[in-house]
């Protein structure tokens, strides 16, 4: 997580950056930039970026020496004043390449801190890192380049794949498995018991949860999120899925590849998400349903029934997104509709009376 | 949390399992099963379970040697092929008994790890367990068979009852009391300050929170849930209540017995839940209200007023559940209603004009 | 967090308490009170408080020796029986002064526990406290009177201001800065990576998050809340803002002074809150919007567009609060409206037919 400014050139020529990201320079490619900053914070020797028309004024008044823009913003970016532009198809993608140039990541930590407590029969690669006060249970396997930062706790029989990083205070209960290049942020709890009880004579009896939680390669899990173990088999997070902070994933849930769960979203037990499903912030999915490939659920919505591939839904309960938006626009007109209804009734009654038809 | 397969027979006769759960075998009771698995994962020598008609196809194609079913599923379960059935009134209840047969729980840990830091004047039973890096404040009492796993922190004057289990990284602030057989999952925070301020001249002044959090016997608290201490007295969770992950319980709240709070539910300050109240996932209850015995709040709903005993409510703000469902079905028809209203107005105006009545 | 009853007088004269809070006694100021309790729990020698008419019955039957009341409650408080009253403009404000009299806070802890692990080049004031198993990275500065309780983890280059308190198990990622008199509750995670990816050929590529999280003076952050670091600059929480439990603040968000975020509220990335904005419990704010000074968002609502200064909004998506309340009252009438619409259509058709006008 630390970033160091050491070991990088003091400045970069814009043309050099363009080459790094496969972009094109409009204007002077020899301009030197010192840092990458937001429009608001950029100084006269900084590069900034501008990709949404909504930030047009900020772009115009920004002191930045040059701007990273998509083709669609070239015109707007050039309006106020002449400034070299670095044009790329996808500025976000360019940032993935540019940020490490300006902020080289620190070398990965190595070694086992003297205070780490490691159980029996563990296989820990020599290039792995165990920070202060890490506790690892029996029978765990920790692969090359993996880093368990301070206070991480692993139960028994956990596996951590190559290059995976677990930030301070995350917990993996017994049997949890992480693939390669997984990132688990602080306070995330993987593999806690699913929420299952059998109610008998007024008592909620705990149904033992003896499955596990499995996280595939390249998954990232946000701070304080929770992914429960399955009742018997696996709660499964598919490759490359990204989970934000404070997200709850219930027992037996499966996520396909490339799913995105935004902050505070929640998924009830035994629900299945196919590949590339997106849940917006604070959205929820009920239990025992299926969301097809590419389904998108609007923020704050609640999906209570299965949704077919490719659909976008919103609302509580969630319906087709366009219908929901239309509905939301109708809502404020309800009072007016009620008044018009009343007025119609009065008029019709009067008309009927005049017509001698008092039915 | 660990489960071991050692020390159990390699297989169980179905009749032996039926005896264990008070069920009845339809078909060959001598069939031997090796494990208990889901319909999808069961191999040819496994027992599985089938209790919802929605999983009918999965049941039909499952390789399972036998199925645990409720009486209502006997017919469906027998359809595809002949297979012995273990029939019980409540399959969930049977799982409570069966799972430990297949996955015997490990013996409870004992002893105080050398790295545990214990304060003054504590009374810790000889059969209790304090894991690595546990920190216990002054004047705490920890009863027989209680287990504080790695990195658990107790403030001063806490009490942990007989056989209670606190998973890694949970925190009990000063004065928190747990009854017997309580389970607290990782990252749960009990007894943090309630959210109370007096705003004076533009400053939010902290109202000191000097009460505590009290958890009765047999309560389970999910990962990363938070239960604040009271202002002066007690935030109180009644016996046998079950709280899922990421749930927020505000200061001065009281829960009766057997309440169920699903994932990401929240309760604002000073609200009282009588016995057996259920909050669905992501549901919320406002402050200073009372939910009567057995009230059920639908997922994603917000109760803002007190609700009488036995009612089921839903919506934001929550109303009678049936009314809310009806309402939700009406919503998509709003656009059509508006069009019909406009059409009526036009027709009525035309009719009135023709009738020589231009009022 | 601990409170001690030692070192305070056994009882206080009501007149002495009135002097402490600038209030007025109605009745016998010489009455001695032993403790401050709620109406329900107060014994015959306790002071209690009564400030909402809804608690009138509880006030009447309370055994309390005296009541703290605002002017508006004097009449109600006097109804049932004669009891000395301590009248103050703002009882909550009086509690800020009174509670420490009855429950004197313990002296702040000092010193560095032998198990604390401190990195290179740190500056830790002699009057600061580092509890058991605290881990502090390189280059951190911890000011006078600051307290890092058990298991707190600081990354590199963090700063903690004068008198700030960090409760057990909170984590500050690299570069996080806390001002003076900040309180961070257990399990809060400050400075974890913002949620940002560039999707390319079916892969969500991580956009490195190299900014930081900055918390100004007198902020309080609840248990298990998460405040992400910025992409490049700062996620910024303004002076005196108060954040409840399980709140999510996305990257690049800025809060002004004195904002209040209630339990489980969430703010998506790059959104700006001006001073004194209030988000109710479980409310959400979308990304890249601005909420003007004093905006109030009702519990469970979702603001998806910028809101001008001083407005109160509610609903999903949020609209003017009064409009939303009106709307919510109309909703249950939808079914009835549909029936009346149908009835009008029938009547009009019949009338038109009778009028010989079958259009």
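Just so it is clear, A, B and C label the chains in written order, and each chain counts residues from 1 on its own.
As a working rule, a residue touches a chain if its C-beta (ideal position, glycine included) is under 8 Å from a C-beta of that chain, and two chains touch if they have at least 3 such contacts.
Treat the numbers as computed from the prediction; the structure is a model and nothing was measured.
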Arrangement of touching chains [line / ring / star / complete / other]: complete
Type of subunit A:subunit C copy interface by residue overlap (half), same or different: different
Rotation in the CA alignment of subunit B with subunit C, degrees, nearest 5: 120
Chain centre separation in whole Å, for subunit C relative to subunit A (CA means): 25
Per-residue overlap in subunit C, given as positions that touch at least 2 other chains: 133, 151, 169, 187, 224, 246, 264, 282, 316, 331, 334, 337, 341, 344, 348, 351, 355
Complex contact set, residues of subunit C against subunit B: 1-3, 36-38, 40-41, 52, 54, 90, 92-93, 95-96, 99-100, 102-103, 105, 113, 115, 131-133, 149-151, 167-169, 183, 185-187, 218, 220, 222-224, 240, 242, 244-246, 257-258, 260, 262-264, 276, 281-282, 299-300, 316, 328, 331-332, 334-335, 337-338, 341, 344-345, 348, 351-352, 355, 357, 359
Interface residues, subunit B side, partner subunit C - complex: 115, 117, 133, 135, 137, 151, 153, 155-157, 169, 171, 173-175, 187, 189, 192-193, 195-198, 200, 202-208, 210, 224, 226, 228, 231-233, 246, 248, 250, 264, 266, 268, 282, 284, 286, 288, 302, 304, 315-317, 319, 323, 326-327, 330-331, 333-334, 337, 340-341, 344, 347-348, 350-351, 354-355
